[in-house]
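Below is a structure I'd like to ask you about.
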């Protein structure tokens, strides 16, 4: 711990214990087992559950957390040493046996987990001793660290899973800094401080976490959430982008803006229908005024995207430039492809307020070049059905939480991908994706993904729009946020630097 | 309001006392009803002349000028896609009035037919139909229509259809009530015994008496339909983009309450104005026609 | 009187039967795809055997009459099914959220009585004056302004511009009754506006009718002061419409509660119902529709009976 670059705390700050930290969320968390669908609030999930590895400022899974060390025994085997002295909230011990039980449980079809496929390359995981595991893969698996820094890596109490796995959805037992105290579905979540948090001891910060508890209240409307923040009824808020300017002008609030590893994009159906013709894909992509979209629908809080990996991601290919806004070119391409008198295409978009705005804006842009996009606004579940049936030409695409490059690449562009269903079949891309999974050398792996981006880019495989930014506002009495540190180390900085109230209370 | 319209007067149908003329007189005489009428006429004018009155197309987006405050260029500012809010509200008048009028009229036609049938048939059929009416009326209109949206899907046609599926009940009751009132009267019985067909009786005696309460109910029904359409659109199930409806604008505006409060205020003003106007229009004469509400001390 | 009650109850039973059938039909009309989609997250829709299994699990593969009988039997016994969205038992969801909505209704009724009755009395006493016009117009506006807009305007005024009331949320009584009441002020006021307006109008016309009657003239002739006449003789009989109005506005209260709960983020039955409709969570939808209509039916029957008791003319007219 002492020689980690992110493990520095401001010596002049005097964190005070106490107070209940009040948060507002748009949706209730849903299921509290990370491997069960749906989970709609991953921040709250992180209060209770921690992962084996965390990611760094470039979204790389390089930071050991509950796994102390990882040593590669060739490209198909990893020996993992677990951190000692960690207990779950129900008192059971975090050890090799519990991790093995959990991994086997996730892969068991009877457990009905949605991320079982992420562990497909795993052959076995064996207990070597109380705190050591040996992971064996079927093929070289470069993405292993990325996966254990992601959903399957959230450690859960094997004892609780064994007793009643269904109950775990509402009564989770993790290792995190906060323990679930009370849950009122659809209404609120209450957490209390974990006095035995391992990180407090290991980092020599025994007062962590500083809050006595956290209360998450569900408030569906953004205007009401902001009103609550300004009235002092909540302490932190993920701002709706339209509120950024107003919040920044408020002297009682501290507002921070930062990049997020989400991709907003439109997906084509490239194997069935009109978009098999690359000229039509080009026509659509050039008809979209991305700058306008960002200005109007995101209030400037987004970064123009060139391809799939955000500019601060270690796999991003800096040689690619965002597609230009050229409606005249679009019209020309449409005419060339035989649709000079107009083209009608069908699709869907999510029916949230933001989704509706984006869909309407894009529809307007496409109308201007003669494309009629009959877009239906749908709920997530209904949308999933149409995606599975390939019942669209142009629809919502994108990806959230881009960490390991393989997860998104496979998900969107590989036949086995969980979000492809056959709509994209670019052989060059598929070959590169499979190569990227096996290449263990980081530099060589990065080169493969650069190539992948180039292949997708030249094929106009999808229309990528922007990489996300978000803005958070804290009340001025909330201390401890070091924006520079966060930008440098992100994931691990966030969880290693808990906040506190200036006077020990809200 | 001192018209001595006594129920007994209905017997020998004095067509000059009840019927359209009396209704019109009641409207003109009542101050609030006059106000309502003026507003309704103004709204209809807006709906008809929207393309002329609106400074911009309601569909022209300007993504570099979203949520703009009111200015000389955009009197009410712009919405979240840079469209002129004033133009959208003016065009929204068309949607709301169209939905309101059509829904109410369909309900009226269907309801009156059923009510007349039920009243004439009498007996078990009548009782059953009345119980069915009661059953439908157990659902608050909004909830019923929300549930129907889950079945039929979003969209204006479905809102109108659902409203008609529900609204016929009120008109059925009115029509049936009138039939019951008139059916027992001596001269009607006499007419029937002589062999005059029921249709003719209906036409000469029942319909003229139905007209005022039905017209009043239509007016109030339009107000209700507007309220329901805006409510359903507010929840996201009514009008679909890019159509503008007051309810939908209000919903979108609420999201941006702190950034652009006018976006939330203006559509609501339109909705409230319209509903109030139709209620004034319908309610004023209803007071004059419904003996029980007259409040002038005459025991009935 | 007994015959009157008997007839009313018989009617109510028939209506109930029709309502139950209606609700079942409505819920079953939801496109099957939609139900499947609602469960999509936990099943693989590609696999027809899985789909068949789910359909069997929910009894969707039986003939419609069998489904009806099964559902009705379960419902009456208290098994209202489990929510597709959250997996909770529907009955538990109702039990948890009912007190919240009840508190909302209670508060709304308090508001409507506190504002509506005085307004109606003033209107009647100052009949045809400007004050009366203002009261009547105000009442009409109260009835016409949509609850969801009123809620937004009030939030803006009293929570954004002048932070007097908390802008949302329900504070459970366990966290302090004062905080609970403060959070309820705006929502109950919005909900009470509609019925308050109705009440004002009915009280006004009822008081006017009573004031014009013989026994009032007699009281005046006997030399009672005007105040005594009004307070001692006129007020009580003119309160009869209060009963009617509560009955008439019950349905409106239920519908208004939907919006108020959604906008103010109150975890009551209304918000639950709206979410269920959006997610096509048909067990919750069915239960909601039954509870709501049963509610309205009961209130109507009670009002009818009460009215029959208070006003003999109604009994005769039937």
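Labels for the chains are A, B and C, by order of writing; each one numbers its residues from 1.
By definition in this document, a residue touches a chain if its C-beta (ideal position, glycine included) is under 8 Å from a C-beta of that chain, and two chains touch if they have at least 3 such contacts.
Computed from a predicted structure; not experimentally measured.
Chain centroids computed from C-alpha atoms place C closest to the centre of all protein C-alpha atoms shown. Pairwise, the chains sharing the most contacting C-beta pairs are B-C.
If you average the CA atoms of chain A and of chain C, the two centres end up 42 Å from each other.
Mean C-alpha position of chain A lies 49 Å from that of chain B. Inter-chain spacing, taken between the CA centroids of chain B and chain C, is 21 Å. In chain B, the residues that touch at least two other chains are 236, 254, 257-258. Multi-chain contact residues of chain C (touching two or more other chains): 34, 155, 160, 262-263, 278. Among the residues of chain A, those in touch with two or more other chains are 221, 223, 227. Residue ranges of chain A in contact with chain B, taken from their complex: 221-223, 226-227, 240, 242-243, 245-246, 289, 292-293, 295-297, 299, 351, 353, 356-357, 359-361, 363-364, 377.
Across the interface of their complex, chain C is touched by residues 31-32, 128, 131-132, 134-143, 146-151, 223, 227, 230-231, 234-236, 250, 254, 257-258, 261, 264-265, 267-268, 271-272, 275-276, 279-280, 283, 287, 292-299 of chain B. Within the complex formed with chain B, the chain C residues making contact are 11, 14-15, 18-19, 22, 26-27, 29-31, 34, 124, 133, 136-137, 140-141, 143-146, 148-149, 152-153, 155-156, 160, 204-209, 211-213, 251-252, 254-255, 258-259, 262-263, 273-274, 277-278, 280, 282, 285, 288-289, 292-294, 296-297, 300.
Interface residues of chain B, counted against chain A in their complex, comprise 59, 61-64, 66-67, 80-82, 236, 240-242, 252, 254-259.
Partner chain C is touched in their complex by these residues of chain A: 36-38, 112, 114, 169, 184-187, 217-221, 223-224, 227-228, 230-233, 379, 381-382, 384-385, 388.
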